[in-house]
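Letters are used for the chains, namely A, B, C and D, taken in the order the chains are written, and counting of residues starts over at 1 for each.
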Amino acid sequence: MEDIRVRYFDTFSRDDLKDPVLLEGLPGIGHVGKLVAEHLIHELGARKIADIHSIYLPPQVMIEENVIRLANNEVYLYDGPPRQLLFLVGDFQSSSNEGHYLLADCYLSIAEELGVSRIYTLGGFGVGHLVDEPRVLGAVNREDLKAEAEAAGAVFENGEPGGGIIGAAGLLLGLAAERGIDGICLMGETSGYLVDPKSAASLLSVLSVLIGIKTDTTTLEERGAELEKMVQKMIESEKGIQEEELRYIG
Amino acid sequence: MEDIRVRYFDTFSRDDLKDPVLLEGLPGIGHVGKLVAEHLIHELGARKIADIHSIYLPPQVMIEENVIRLANNEVYLYDGPPRQLLFLVGDFQSSSNEGHYLLADCYLSIAEELGVSRIYTLGGFGVGHLVDEPRVLGAVNREDLKAEAEAAGAVFENGEPGGGIIGAAGLLLGLAAERGIDGICLMGETSGYLVDPKSAASLLSVLSVLIGIKTDTTTLEERGAELEKMVQKMIESEKGIQEEELRYIG
Amino acid sequence: MEDIRVRYFDTFSRDDLKDPVLLEGLPGIGHVGKLVAEHLIHELGARKIADIHSIYLPPQVMIEENVIRLANNEVYLYDGPPRQLLFLVGDFQSSSNEGHYLLADCYLSIAEELGVSRIYTLGGFGVGHLVDEPRVLGAVNREDLKAEAEAAGAVFENGEPGGGIIGAAGLLLGLAAERGIDGICLMGETSGYLVDPKSAASLLSVLSVLIGIKTDTTTLEERGAELEKMVQKMIESEKGIQEEELRYIG
Amino acid sequence: MEDIRVRYFDTFSRDDLKDPVLLEGLPGIGHVGKLVAEHLIHELGARKIADIHSIYLPPQVMIEENVIRLANNEVYLYDGPPRQLLFLVGDFQSSSNEGHYLLADCYLSIAEELGVSRIYTLGGFGVGHLVDEPRVLGAVNREDLKAEAEAAGAVFENGEPGGGIIGAAGLLLGLAAERGIDGICLMGETSGYLVDPKSAASLLSVLSVLIGIKTDTTTLEERGAELEKMVQKMIESEKGIQEEELRYIG
């Protein structure tokens, strides 16, 4: 098998695309980015156009209505108006350091192939305590982009986050710069302990300005509660496996 | 050496096969799948037709009557009646995430080569407490297969297991779908703390219906006790090694 | 993407070089080597001539004045007098064992290509307690080099450090020997708990003699305090991520 | 650089060899095998004929009389009488699971190239408590070899060690079988907590019979004390590095 395999659906044709923008919302801190991206996919009725399987994702399958499917990442397309949006979402980020780079590089090849000239990566910024009014921190991969993000409500604090950004949200922007693709990272402040729909709502309000699309956010809270439940199940199942491994696997 | 090496025994010819079904019972939670598969191999007098060595298995040898052999995975064949069964069993699952994918992919190449059109993967479903009457959960890689499994006694709960399935039992089904091979996963409820012959007996009763082969299960308890002893020795030996590594290996 | 990519800046021409010496100061124990190298780069006004990205570095981006850049390693050039110095510095060392070797090998290819015949690797030597007057331990990759380093103030204790040297500072010298490149490793004693400008000052005083360049060390303390602050932020951010991973990533 | 590089010394010619036997004594439990192999090398005045470097060994250099050398594995030759012995010793075993396989495979290619038809692997068998009269357990890769080892004093207990053998001592025998090379593994009982010259002496007494070479074992105690000191230094240095990594490396 290929290390990474991208599969476009037959219902999709590259000719459908006209200057789309890519939004990344893979799982991460507080699942803020995932919440926002999946909310938009749902509210806008975006359709799945591709999936990505890889040996760099955890060796795991998900179960949907009793049917198994490989853990994957997926690309969705919203056809506008006012503009086309591509979404990169999925079950997991890479399970290895090298895989993080190789997957991010693959995502950008997809982006380039689909004519993307701007990427938004969406994530959480863990602060370790509950936040009443979560701010949305911004980071860009080209100085010129800062003013636009700031005007939309993103906060730029010099050198924040001080520890840099780990994982897809950061790597995508770093690697996009070299391909001449603009990138803006939006990070909602969050405790880091729970799925955080409040932080997602803040992020969404900034993002809405940037992409010129407003959606009803009333369902965000509900979606957050569901996701939290799923996350809990995963943690329990993962914990079970780890205890097992301690016992059985040499 | 090759990363994965499959070796068929000379006594085996592909021409012997006629529409065999593949049963996977590698080590896992409660060793439920392993118990069931090895029980059937023994009761049916299946013969070994191939072994698989790989750098993705732990760097370890097993000792059988003072003679060393590499840790491996093995394929057995039961020639029927009423039908041919192939068994995939072994000492370990992969010791790395990438290896899990690469081994599962290799197993499916074997399956395809041997004309397998259906796979059963057998495992445990850890619930964290002792279970009086272990149910057998089912999952399938094609919606149509559910009714058949359900009729045989498998329980389908929407979205269970919520955390998905980690390792060979899941990956084999996920990857099989893409090759057009049907797959049913049966998971016996088990505490997750001990080798569980009771869970294995439940699983076996469902599987028996599906494959149309009934066996005497009185020896299952005994086999479970033996396996538990072996597992304990491995844990101790592994613990010793780890303490060593903390001390000696830079 | 390539596993390791070296990119020379257009403003740099190999013809500019005349028998340069390479100084390595990547992050490590007490950040002693990093402090010394960055101090010299700053004081001497060295200019960046190349950067190195790699899948063996952590999957992370750094943020400088709100703009993202990939975690990297960098090469700086000081044009003399009295002689040309190349500096190898960066955000991280490799995040995998194999990557350590492959990156060190790449650095030496760069060194060879740029005509380097001598390397100094700069690091800390953790002693586990505060040190009033930190000594500078030396190690060489050719017996003949010892006298010179000793004359400059480096201390050679037979067999010290007893545990060898882990990471780039050691590997570069070990691999350089095979390419016929001389190597001297200087290690400032340090507690190992904090960024240590005092140890860096000691190391610098020895190095100054060896490279024949004296700099004002009054800013070293200040630079150390800044670096410590950055390190703290990274630890916190890293800790946040790890807690997250325990919760979210399967 | 190559993943594994074997370098024969110029002073060595393959024509020097006549049916040599290979003894493996890499670091492991109680450093029993290492003690025995290094003792024999010293007592018999064996000379180094090759060294092996690899990205699968820890990224570390050792310091001998202030001069750095890469962590490695080495091959020594004792020219007899009564027969030629090759020794495989070194600083470390592989630092990754896959590396264990790839290095063991490489060692066997060396063995085959040098005309080796029998291998002895020497190790410790950790029992978790002090042992007054350490036995020497045996394991073979061909049933026929058992009688010979037993006659020399090795103990064969059915299925012991129950957890199999992890690392080079086991893998070498497992992989040797496929190449038609005979293999006997000798394991001295040891607590597993300290370098154990007493266990080494027991092992040596059995090995002496097998290879027909008797040596003075009075220096073994002394050598053990030295090795223990070195091991302690390594543990401390390693501990220091790990604390560092927790603090500095993202």
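Definition applied: contacts are C-beta pairs under 8 Å (C-beta built on N, C-alpha and C of every residue); 3 or more make two chains touch, one makes a residue touch a chain.
This one's a predicted model, so the numbers in the text were calculated from it and none came from an experiment.
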**Study point:** Interface sides of chain A and chain C: same vs different residues, half threshold
**Key:** different
Review point. Relative to chain A, which chain has the most distant C-alpha mean position?
Key: D
Check your understanding: What is the distance, in whole Å, between the centres of chain A and chain D, each centre taken as the mean of its C-alpha atoms?
Key -> 49
Check your understanding: How many angstrom between the C-alpha centroids of chain B and chain A?
Key -> 35
Revision key, fill the gap. Residues of chain D that touch two or more other chains sit at 58, 60, 71, 95, 163-164, 166, 234-235, 238, 250
Study note, to complete from the structure: Residue set of chain B touching chain D in the complex reads 1, 55-56, 58-71, 95-96, 229-230, 233-238, 240-241, 243-244, 247-250
Review point. Residues of chain C touching chain D in their complex?
Key: 27-31, 58, 60, 71, 91-95, 97-98, 100-102, 104-105, 126, 128, 138-143, 146, 156, 158-167, 170-171, 173-175, 177, 183, 185, 192-193, 231, 234-235, 237-238
